[in-house]
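Following: one structure in structure tokens, then a few remarks.
We call the chains A, B, C, D, E and F, going by the order they appear; numbering starts again at 1 in every chain.
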Amino acid sequence: MDELRPVTFTRNWLDHAEGSVLVEFGRTRVLVAASVTEGVPRWRKGSGLGWVTSEYDMLPRATNTRNDRDARKGRVGGRTHEISRLIGRSLRGIIDYSALGENTIVIDCDVLQADGGTRTASITGAYLALSDAVAWLRGRGLLAGEPLLGSVAAISVGIVGGVPMLDLCYEEDSTAEVDMNIVCSGTGDFIEVQGTAEGKPFDRDLLNQLLDLGQAGCAELTGLQAAALHGEVQKQ
Amino acid sequence: MDELRPVTFTRNWLDHAEGSVLVEFGRTRVLVAASVTEGVPRWRKGSGLGWVTSEYDMLPRATNTRNDRDARKGRVGGRTHEISRLIGRSLRGIIDYSALGENTIVIDCDVLQADGGTRTASITGAYLALSDAVAWLRGRGLLAGEPLLGSVAAISVGIVGGVPMLDLCYEEDSTAEVDMNIVCSGTGDFIEVQGTAEGKPFDRDLLNQLLDLGQAGCAELTGLQAAALHGEVQKQ
Amino acid sequence: MDELRPVTFTRNWLDHAEGSVLVEFGRTRVLVAASVTEGVPRWRKGSGLGWVTSEYDMLPRATNTRNDRDARKGRVGGRTHEISRLIGRSLRGIIDYSALGENTIVIDCDVLQADGGTRTASITGAYLALSDAVAWLRGRGLLAGEPLLGSVAAISVGIVGGVPMLDLCYEEDSTAEVDMNIVCSGTGDFIEVQGTAEGKPFDRDLLNQLLDLGQAGCAELTGLQAAALHGEVQKQ
Amino acid sequence: MDELRPVTFTRNWLDHAEGSVLVEFGRTRVLVAASVTEGVPRWRKGSGLGWVTSEYDMLPRATNTRNDRDARKGRVGGRTHEISRLIGRSLRGIIDYSALGENTIVIDCDVLQADGGTRTASITGAYLALSDAVAWLRGRGLLAGEPLLGSVAAISVGIVGGVPMLDLCYEEDSTAEVDMNIVCSGTGDFIEVQGTAEGKPFDRDLLNQLLDLGQAGCAELTGLQAAALHGEVQKQ
Amino acid sequence: MDELRPVTFTRNWLDHAEGSVLVEFGRTRVLVAASVTEGVPRWRKGSGLGWVTSEYDMLPRATNTRNDRDARKGRVGGRTHEISRLIGRSLRGIIDYSALGENTIVIDCDVLQADGGTRTASITGAYLALSDAVAWLRGRGLLAGEPLLGSVAAISVGIVGGVPMLDLCYEEDSTAEVDMNIVCSGTGDFIEVQGTAEGKPFDRDLLNQLLDLGQAGCAELTGLQAAALHGEVQKQ
Amino acid sequence: MDELRPVTFTRNWLDHAEGSVLVEFGRTRVLVAASVTEGVPRWRKGSGLGWVTSEYDMLPRATNTRNDRDARKGRVGGRTHEISRLIGRSLRGIIDYSALGENTIVIDCDVLQADGGTRTASITGAYLALSDAVAWLRGRGLLAGEPLLGSVAAISVGIVGGVPMLDLCYEEDSTAEVDMNIVCSGTGDFIEVQGTAEGKPFDRDLLNQLLDLGQAGCAELTGLQAAALHGEVQKQ
């Protein structure tokens, strides 16, 4: 109940990207790529500040039944938009734009297979890809300082059958009475807290239990991230 | 700091809609309309269940500087999508779809003027418009039971200059270190909790202060909603 | 038959816009906002000329039954396009672009409730919002002269049951045999004349009666506009 | 000044369409195709009524300089929408939907070369293509009666250099002070009148001169249409 | 079986375009326009190189039954995209961008009537329109050299009822077992070869027969193109 | 020059899809998923025939520099459309729709990393995913016969520096004078042949060399496909 599913991070899964990682939380698999470009969007030019943005999407057959592609429908779906924005906010909480200098990093999180927790796997992996992209910039002397103020990890928690649970798979998630995503910094503080009653409203006590569970899960992920960053030579 | 801005609800602001209200939280003004249609979307036919959905949008000059219309750009923006979904989730928490029968209610929240808190004003007003639309259905004998399991209200809270504050206006919101939206049922339980660190991550203690403030604010709004529902004859 | 419905103009209905008015023609309510920006679109830069443009739209539940939003459909509807262009043409007839200098004014006409005559209410209100926006520019010394060459007002006329009528509400309009919109300058000349046979074609004599009625209606609106401009302190 | 440019109608320009004509007003060339399908749109089924609709578009190099295609921009432009709607209204004025039975006719007007008056050439040609499509239906015994209540023709008039002129070419049109389109039935009555002051507002006297000119021009076109319908065997 | 349908080229069919031709292959009719603009797209500025691009489209009633317009659907169809790209590739094979200088030529191929072979008629006509547009540039001294390295022509071939055939009309094409398009330079070499088994896979021997037939057809078209270029005074 | 890059097929890479394979041609990696649904699109209902369709896309950072997502631009790009259609045509060449019964199979080919030959890797992998999806249907007794008439494989060939080469990587492809894709059935016959001169036109002799090379490459891939199908237990 309070255990993470098996988590693996395969850094540098891509040959071209400045940072990349294949994140697996159980059967959920997300490919995260960090792309660096020198320069920033027009409206930010001359500010001395960098820019980090993020896009989330899912392959059509990541799920049990196939979904149509947004591109074919000619528009980005609401859920896709919502999660892209969440990932962006989560990363902005740990970035010093002055230290990044006028560089842009785009984080693409593409879900190859979905089994619950795709948004939290995306955020947790995005930190690793971002970290490698920053190292790539550092190696080229393109930074004005240290742009990473800390690390970030995220996990889903929920109430299933009245019991608080950590890291829900799809089957658990679809029957959860409360569904919550916790994004924490490496220091254990909150960057984002977002919980929804799927059935009846929940009280303060249940909320507290979920927060406890989520903070503990994030702490564990922070440890795994650190191990992943030390255990492998970073992309040259 | 812990006070709501002046709140007014003008029910039946529209002549055609089955439920409508002009909600004002300080200078924020949102026109909420509830539209009833008999029948449900195709995928729900024959289920005996009703459907409630919600759309949020903002007039181009609701804000300090003019924004282009989504329709002209040919796509719905991410923020618009995100808030529409939040409103929908908040209402679904208090609805019994069986009791609603195979009827559809669409809630349109259009921001006429924005000064912070447009999403929480929308949710709070949406409850009133929904309530009037349900009364309209009841008056026509179209319900299978009582579809409203309770009421819902929402308020924004945040940390500004290190101090927790209730019901932030735009100026306060744009300098807030933490920005949070609390959606509560009339019984004081949580339907949605969503908080973001705009600057540095926040700790559990600050989170608790914000939750206290938000629950109190929602309770006050619940009282104002009840008064509005009793103080005016509902739309026939 | 030859009477306007009750007409009210509430200037400065919005706090942010440089000019704004809530126009009511009977139960038709249009919120008009004029937004000023210094500078002109790229293709007009360096010409010394200003630019005025206009957009019209309708809230989904302005009408008896709800309409889907253009933004959700990903395209602007034909009727919306047609009316936006009409409003733009009507205003351009009274503007001296040299005197406006390189400033842009965007007029947004959003129909909050529709009961016939939304396009003519929009034009009539647009003149007031434009006038206030010009005053705002004048107060800041940003004008090269007097950009308003005159005033403009508009009214609908039609043949209902064989009888010429002024200012049709929706019910009258939907049964009209001829439907016409007259846009006049304050001097009583024509800026736009647009009439359509909804049923059988109409002859020159009926056309003349409609033109008489429309010119008289516009003259009355011109008086009401002048009163509105004098009766209230303009936006500072 | 009061003369039409050379007008030619080449009926049956296309091999597949049930009705088609290449219309030329001077150097303006419009290809009009009428497509018949049995049945009507879903919302009209079972009504016993037919349906006629119309679309207007322009090839990218119809004009002096090339315009981008709407399809590439992903949206229909405002001018295209406006003219499509005008053509539709003009035709609906002469159609008896009961007599048409549950058949649909789509009129496509595609401007191959533009030199002023493309909308009036489209309407004038649309009558011929529609007439041939109706004959095609009649030949197959698919009509419930005579769906054409009369004929329709259209011409542009304007004030150029203070002088009223008939059938303006592009160069004349672009300097016109007043620009007007007159749509008349074969009996000389009005189906649509639409005039705009491009410069200063115009008075009733000028309007009357333009109406005289337009009615005379339409009468002449009515004669040319009749000749075209008799001079050539209709499409079998 | 190895004969072209009647082919006609009517150069300068349009008055405005720098190059234009109405191409007819049997009942297939394509209007090709070449539009010249000085300058190149932003990403090519300062390179000293010109740019040639191409767009293909079809009028809604070019075919037996009417097709909806891409612009109304808000997107370009796959077939339209594919053919536009094919035309572009075919022309790029004979152009020297340095000699063209920083000029852009856009080739628009619009199918007025379709009876098979619209893409090959488009390519064959595009060479003539391009050639006239180049002559127009040459006449104004805007070229840095001779941009046309040769000519290009295209023809369709196929296997119908087991027999190789040249220049298939729609009825033949729709029953063909193999469908192939051959694009050749004036020297008889290949610029593009594209063949598809519509039914069962085809062997090398059949492929060779189709290639023979296609090369012969292209050679004949090359002769007709040369005659067209000499037989008419080019556009001044 | 005449050697394939290392080719690997990882079948059942996904847990949900009825057929799936991760295809690698050198550094090119494509994830192919086959999704089965009972029933066919509306226009095919009651025909007794099945349906197979295909979509191709590329992750934004599959390439050296990041590309924007089609979904964000609101439209499918021309290249994406072209390749999706090619894959569809290639598969249709080996399918017996009657034997498939009224079932639909959608093949999604998503390029995770691109290094040349993504369309041929997609087709080659699509055969394996399709084959597994057919086995899945067979296992459930949902087939009316054997829908696969044979196998299909595809490879790119080209002329680089005057020398014919097999299976070009991106660097080779971008400097190729001729670029060709060969799609063959398992019996060595052609399903699609598509070659383009990137520089100067190519003669029949070079074309023959490329066809030889391509047929040999496809034969080798056919062998590898067979091994992959036998070497692993198919998805249950």
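The rule is short, and it goes like this: a contact is a pair of C-beta atoms (placed from the backbone, for glycine too) under 8 Å apart; a residue touches a chain by one contact, two chains touch by 3 or more.
As the structure is a prediction and not an experimental result, all values here were calculated from the model.
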Practice problem: List every chain that touches both subunit E and subunit F. | Solution: none
Quiz item: Using mean CA coordinates as chain centres, what's the subunit B-subunit D distance in Å?
Solution: 49
Quiz item: Approximately how many whole Å separate the CA-defined centres of subunit D and subunit E?
Solution: 32
Exercise. Can you check how far apart subunit A and subunit B are, centre to centre, with Cα atoms defining each centre and the answer in Å?
Key: 28
Exercise. Would you please write down the residue numbers of subunit B that are in contact with two or more other chains?
Key: 74-76
Quiz item: Following the ring of touching chains from subunit A through subunit B, in what sequence do all chains appear?
Solution: A, B, C, D, E, F
Quiz item: How about subunit A: which of its residues touch subunit F in the complex?
Solution: 14-17, 20, 27, 31, 33, 35, 37, 55, 57, 59-66, 69-72, 74-76, 80, 106, 108, 110, 112-113, 115
Quiz item: Which positions of subunit B touch subunit A when the two form their complex?
Solution: 75-79, 81-82, 84-85, 89, 93, 149-150, 180, 184-185, 187, 189-197, 199-204, 207, 211, 215
